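In what comes next, subunit A is part of two complexes: it sits with subunit B in the first one and with subunit C in the second one.
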Partner chain A sequence: MHEVTLDHLKREGRIVVVGASLAGLRAAETIRDKGFTGSLTMIGDEPYEPYDRPPLSKGVLLGKSTAERTALPRRRAIDAEWRLGTAATGLDMAARRVRLADGDEVPYDRLLIATGVRARPWPNAAEGELDGVFVLRTRDDGAALARRLDAGPRRVLVIGAGFTGSEIASACRERGVQVTVAERGDAPLVGALGGVIGAVAAELQRENGVDLRTGVMVTALEGDSTGRVRAAHLSDGTTLECDVVVVSLGAQRNTEWLAGSGLGAGPRGIACDAGCRAFDIRGIVTDDIYVAGDVARSPHPLFGYQFLSLEHWGNAVSQAETAAHNMLSVSTDRRPHIWVPAFWSSQFGVNIKSVGVPSMGSEIMIAQGSLAERRFTGVYGYQGRVIGAVTFDNARWLQFYQQQIETTAPFPVPFPTVDRRPDGHRPVPADFPDPSVPTHGPTITLSGYSPADRRMTFTPAGH
Partner chain B sequence: MRLVVDLNRCQGYAQCAFLAPDVFAMHGDEGLLYDPQAEEAQRERLAQAAAACPVQAILVDDLDRDLAGAAEGRDA
Partner chain C sequence: MTHGILSDILDYANRANPYPLYEELRRTPVFHDGSGPYVISTYYEIQGLLHDPRLSSDARNLAATAGDPLAGEAEEEAALPPSFLKLDPPEHDRLRRMTNRPFGPPHSPRRVDGMRDDLRAIVTGLIDNLGDPGRIDLVDQFAYPFPVTMICRLLGVPREDEPRFHVWADTLAASLDPDPDADPAERQRKTHDSRMELGMYLAGLIEERRKHPGDDMLSQLAAGHGQDESMSTMELLSTAALLLIAGHETTVNLITNGMLTLLRNPDVLERLRREPELAAPLVEELLRFEPPVQLLPQRTPLVDIEVGGVTIPKGSSMWLILASGNRDPKRFENPDRFDPDRRDVQHLGLGSGIHSCFGAPLARLEAQLALTELARRLHNPRLLEDPPPYRQNAVLRGPRHLRIACDEVRSA
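Entry: the complex of A and B
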């Protein structure tokens, strides 16, 4: 009976994808690859066909390309009806319909939600609207910021030294633009990679002429009489003159449109099972709603089955393919999404790459190369196993460490035959900030109960 | 022609930068910068670069004209 239903779905069902970016596009291609011949609708709030975001903070700001040229290549034709420039505003799970901002409703038999994240705006809306204040997430953001950098600003202030903020600062320096970076934490990248690596990143910024200020917050932005930003006030009492401000304070998940729908969606994303099926608010898995990409969070066996949510390019592709496969499969043919986290960044001419979940690591050891040369592999350990690795200009080692993570290999790493410099003999504390203290958003969020963690005590609420 | 490089896969072998220098350039010792929308004149070089990449990290569309999205409405 189930087979008949699935066959019918494949032939003449209705699949709706909300979110027309990387995950949405790759899912749509996979859906057609699986032989789906029914109707496919792609809903996106931006007016553009799916485009790639990583170039926006790199090649586009460097003037090597333009934001308009970042449309993603297609693996195949997907024969979809596109509803671009129209945000989804609601979901009726019982009637299986998605509501759109233009009042229309789109019915579905299977729904994929890939609405991603957006840039966290400057908390003071009036200051955030000053001319010259930017965030960087969308194609329009990238085009507007690149234009402003072309015009030769006197000084750019970047608020937040995560990956995006650091890449923006790097692009400014490469273009000869004066730039100040204000970071609440002790070092750049500290939330994602810890203080040992953060110190290297700080050196890299300062050597390249960035006015890096750590341990400070921007308390206010000030405009001139024409509404253009002219200065920023910092928590250490200083005032900084600047004519461009880029707010790089991490991202927020696009789940508000699901409020009241009954789907298990909130500020941390949409909870789903390992097969990308979304949970409803009762903790019951849905049969017809799938999630993929930045907005999804799912349990991962390598990381204690905690819910893992990743703002990673590769995860968006992989999770989209898995979700699409599972949408069109009987239960026994479904696959789990157990991608190993991996990301890259490029700043100040250094190629930074990572696998696993460094931010879970309590210790780090430099297994190859050296911090002083800024060419190294740092391996992160957690409870006696390898949990993550980072490389600065040493990317070819990563595949090896990915295998180590996947096989829960012991930490400290015991390879006496590979290049190990003096500073790598012993693990040292990785020096991550206290997660209970707010800092710039990490690109990996772990949440939920870990069945492996025996220190957990359950306290019923409200009694 | 639109292209994207999976930079998780890319290991900086630089074959693409040799074969299609107007599209790909090394940035530092192992980073890669590229123009995600290459000019039509680059078609042949781009095809060679994609084929030569040791880790097959380059995805290009429209190399096979039959694949072009002509059939799909790109309208809103």
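Entry: the complex of A and C
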């Protein structure tokens, strides 16, 4: 394969995007915006044109919108060849070709991988296949779950109280459906926001009528003779009758199709440099393969060059734009993806937003508002600097704290603010779960010494 | 009193075109001449400060020595407790939240949109009655009566009381527009009387609405929601007064500045006539290009803060010149060009942060409807004087009269 010049690439090159969702679409639009007139192929394993996922756990479950109406707005025409409903199954880096499930091969000069993540399934496959057991990641998942909620189930069990699980519980309550949330940690959202905020989230759930059970695991799901789920067994010895179960145990990265390709892709995503260029398995950066969105893992200078994997909508958009820009630029014009992580959620009538990396924080102080009123800004500190912030119904202040993070401002926050309450003057431990105790994340271990027998072992979520 | 550029900004002689002064100011993003307010004129600095929790909107945090030539105006509100515009959280949040309940989402998502027909009817009626097309004063005959009528509807002021209401509103508006030739003591007395009369009138109306609630905002505010979420009568009065004043003072200028800008850009006016869907982006660009609120004179830091390399001491008076930020070339390409096709138009015209304009959805809709209808119905309109005579006020800036002529007022 001869290397094409940038000009030639822009005029008549071939760009292939694998993963036709948020990151894929925004990248494609940027690629055309940059004046790319060559051929653009969008490969997606779902049969739908790009759609938006956040509404799936919000408006769609509430019946305010339908899963079919979540199509992403187009910023511009992209004039692409769409290969929808066709999974990419392999990559030949040397020949620069992507293999498809239907046997086709698509050649590329530049490849963007934006295959995202999928819901972590219930570990016991037979139980997971019981009628009434759901996950929520895709449009089909959203439509199916919404239909089941429409039918008026007696009790829904949500397994896992992260953001998605909590939003599902919120939607159930808003519809008047009985819901139990089972969470292995001590509180909802505790992995992302720590125990101090988790306690507020727990109170919020209970006040809204959620039967919240923390510190427990669901050990088994039980079906009736017709194959419908009827009960769940919990680690505290109790049995819970339920006719809908939503498994909300986080996500797995869609990288299996890259196995054996030589690309540095694994269960934790695809590592790339700050310019979105993927690493190969030797840790050497590629020139023609870019990564963006949930599947990417990239180093962030602001956070000690830690490789961050972010499952954030805004990150997917921004990283896609950066990747698209860089794949059409000479090296000196490339830009780093230094987006400050930001996330939002809405549940139980509260608007939650965060910036930075709260989970790196060891301490938190309530810089504005009050936990009791559930309107506040919590600021996370790490080694004497501001590292993250979260707001509950207080989002208009967030921009300021983002700047504090960007400028590595000192922590504890030394200055007075409007709405600083007496209990907000001192930081307290943010109370994140001990990282050495597994929650629902998988474990990866390395073994062996010589390069040839060095192995990585992947142990799925600790059941 | 300040000298140099600040007094130039306040000087009536520069009212018609303050933009060259702002351009000069932007060379010193944080301007301070030793005694007066700290003046911030660049986009990013203003934007940052509007989200800065170290900044207070509460005049009680202002140092006695702050020396603000605009500070006198604040005292005129003293007859009532400060409205949420001049409060910090948590009081601000509580009052604004309660006021929002009958006005916007999530509780009343359709309030503003539901007023569309009413708004259109008022606009149509006013245009029908413009009279002699050869001499129209667009301020007195249109831009002024429109929002006052609207705010009366919104609050639930009975139609038969509207004339009384107009008189108070006019007097109070005049108080925000100090006329250097008028006797200040006399003006202050009239303002105070109007405020008292308006306050008493509103208090009576609130009593009435508590007994016989209607669908209007006052009824809903008076009803309250639960124990911790209801307003005291005094809070209700200052909120109602705020809605009344802010609710039309700014819209008058938005509409008038809008028509003036369109008459100076006849191609855009012609486009609006043919493409009414241009109204929305056009009003956004207008809010950038000629914002009705030129500057926010009521912010003070709770602690010494550093902005653009300058330390602003705690308790200082600060002016955030929104209109200047809106023309900052570091933020907007070709900022002095009026371009309704501008795609990236995150202006400061309605402020930003927790104090961002409460009535924005209504103001936008009013201006969109008004300008579209004027464009559609005035045949061959032209300015009779350019620049028009401006109001004295440097903060709420806009023409006092906008004399225009047209060949014909087309029928609706």
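Note that in this section the second predicted complex is superposed on the first by the 434 of 463 C-alpha atoms of A that agree within 3 Å, B and C clash if a C-alpha of one lies under 4 Å from a C-alpha of the other, contacts with A are read in each partner's own complex, and residues count from 1 in each chain.
The working rule: a contact is a pair of C-beta atoms (placed from the backbone, for glycine too) under 8 Å apart; a residue touches a chain by one contact, two chains touch by 3 or more.
The shown structure was predicted, so the numbers you read here are calculated from the model rather than taken from an experiment.
Trainee: Report the partner of subunit A that touches more of its residues: subunit B or subunit C.
Mentor: Result: the larger residue contact count on subunit A belongs to B.
Trainee: In the superposed arrangement, which partner chain does A:A367 touch: subunit B (first), subunit C (second), both, or neither?
Mentor: So A:A367 only meets subunit C here.
Trainee: If you stack the two complexes on chain A, which partner ends up touching A:W313: first (subunit B), second (subunit C), both, or neither?
Mentor: first
Trainee: When the two structures are overlaid on chain A, which partner does A:T41 contact: first (subunit B), second (subunit C), both, or neither?
Mentor: Neither partner.
Trainee: Of the partners subunit B and subunit C, which touch A:S170 in the superposed model: first, second, both, neither?
Mentor: A:S170: touches no partner chain.
Trainee: Identify the partner contact of A:T180: answer first if only subunit B is touched, second if only subunit C is, both if each is, neither if none is.
Mentor: In the superposition, A:T180 touches no partner, neither subunit B nor subunit C.
Trainee: With the two structures laid over each other on chain A, which partner does A:N208 touch: subunit B (first), subunit C (second), both, or neither?
Mentor: A:N208: touches no partner chain.
Trainee: Please indicate which partner A:S57 is in contact with in the superposed arrangement: first for subunit B, second for subunit C, both, or neither.
Mentor: Touch partners of A:S57: none, neither subunit B nor subunit C.
Trainee: Considering only the touch criterion stated at the top, classify A:R396 as touching first (subunit B), second (subunit C), both, or neither.
Mentor: After superposition on chain A, A:R396 lies in contact with both partners, subunit B and subunit C.
Trainee: Is A:T70 touching the first partner subunit B, the second partner subunit C, both, or neither of them?
Mentor: first
Trainee: State which residues of subunit A lie in both footprints, the one left by subunit B and the one left by subunit C.
Mentor: Shared contact residues on subunit A: 349, 375, 396.
Trainee: Taking the touch rule as given, give the residues of subunit C at its contact with subunit A in the complex, in rising order.
Mentor: Going by the criterion above, the answer is residues 48, 51-56, 88-90, 93, 106, 302-303, 305, 353-354, 356.
Trainee: Could you list, by residue number, the parts of subunit A that touch subunit C in their complex?
Mentor: Counting only subunit A, the residues touching subunit C are 349, 367-369, 373, 375, 377, 396-400, 403, 415-419.
Trainee: Contact residues on subunit A for subunit B in the complex?
Mentor: 47, 49, 52, 54-55, 58-59, 62, 64-65, 69-86, 313-314, 317, 342-344, 346, 348-351, 353, 375, 393, 395-396
Trainee: Help me check something: in the complex, which residues belonging to subunit B touch subunit A?
Mentor: For this pair, the touching residues of subunit B are 1-4, 6-8, 10-12, 25, 27-37, 59-62, 67-76.
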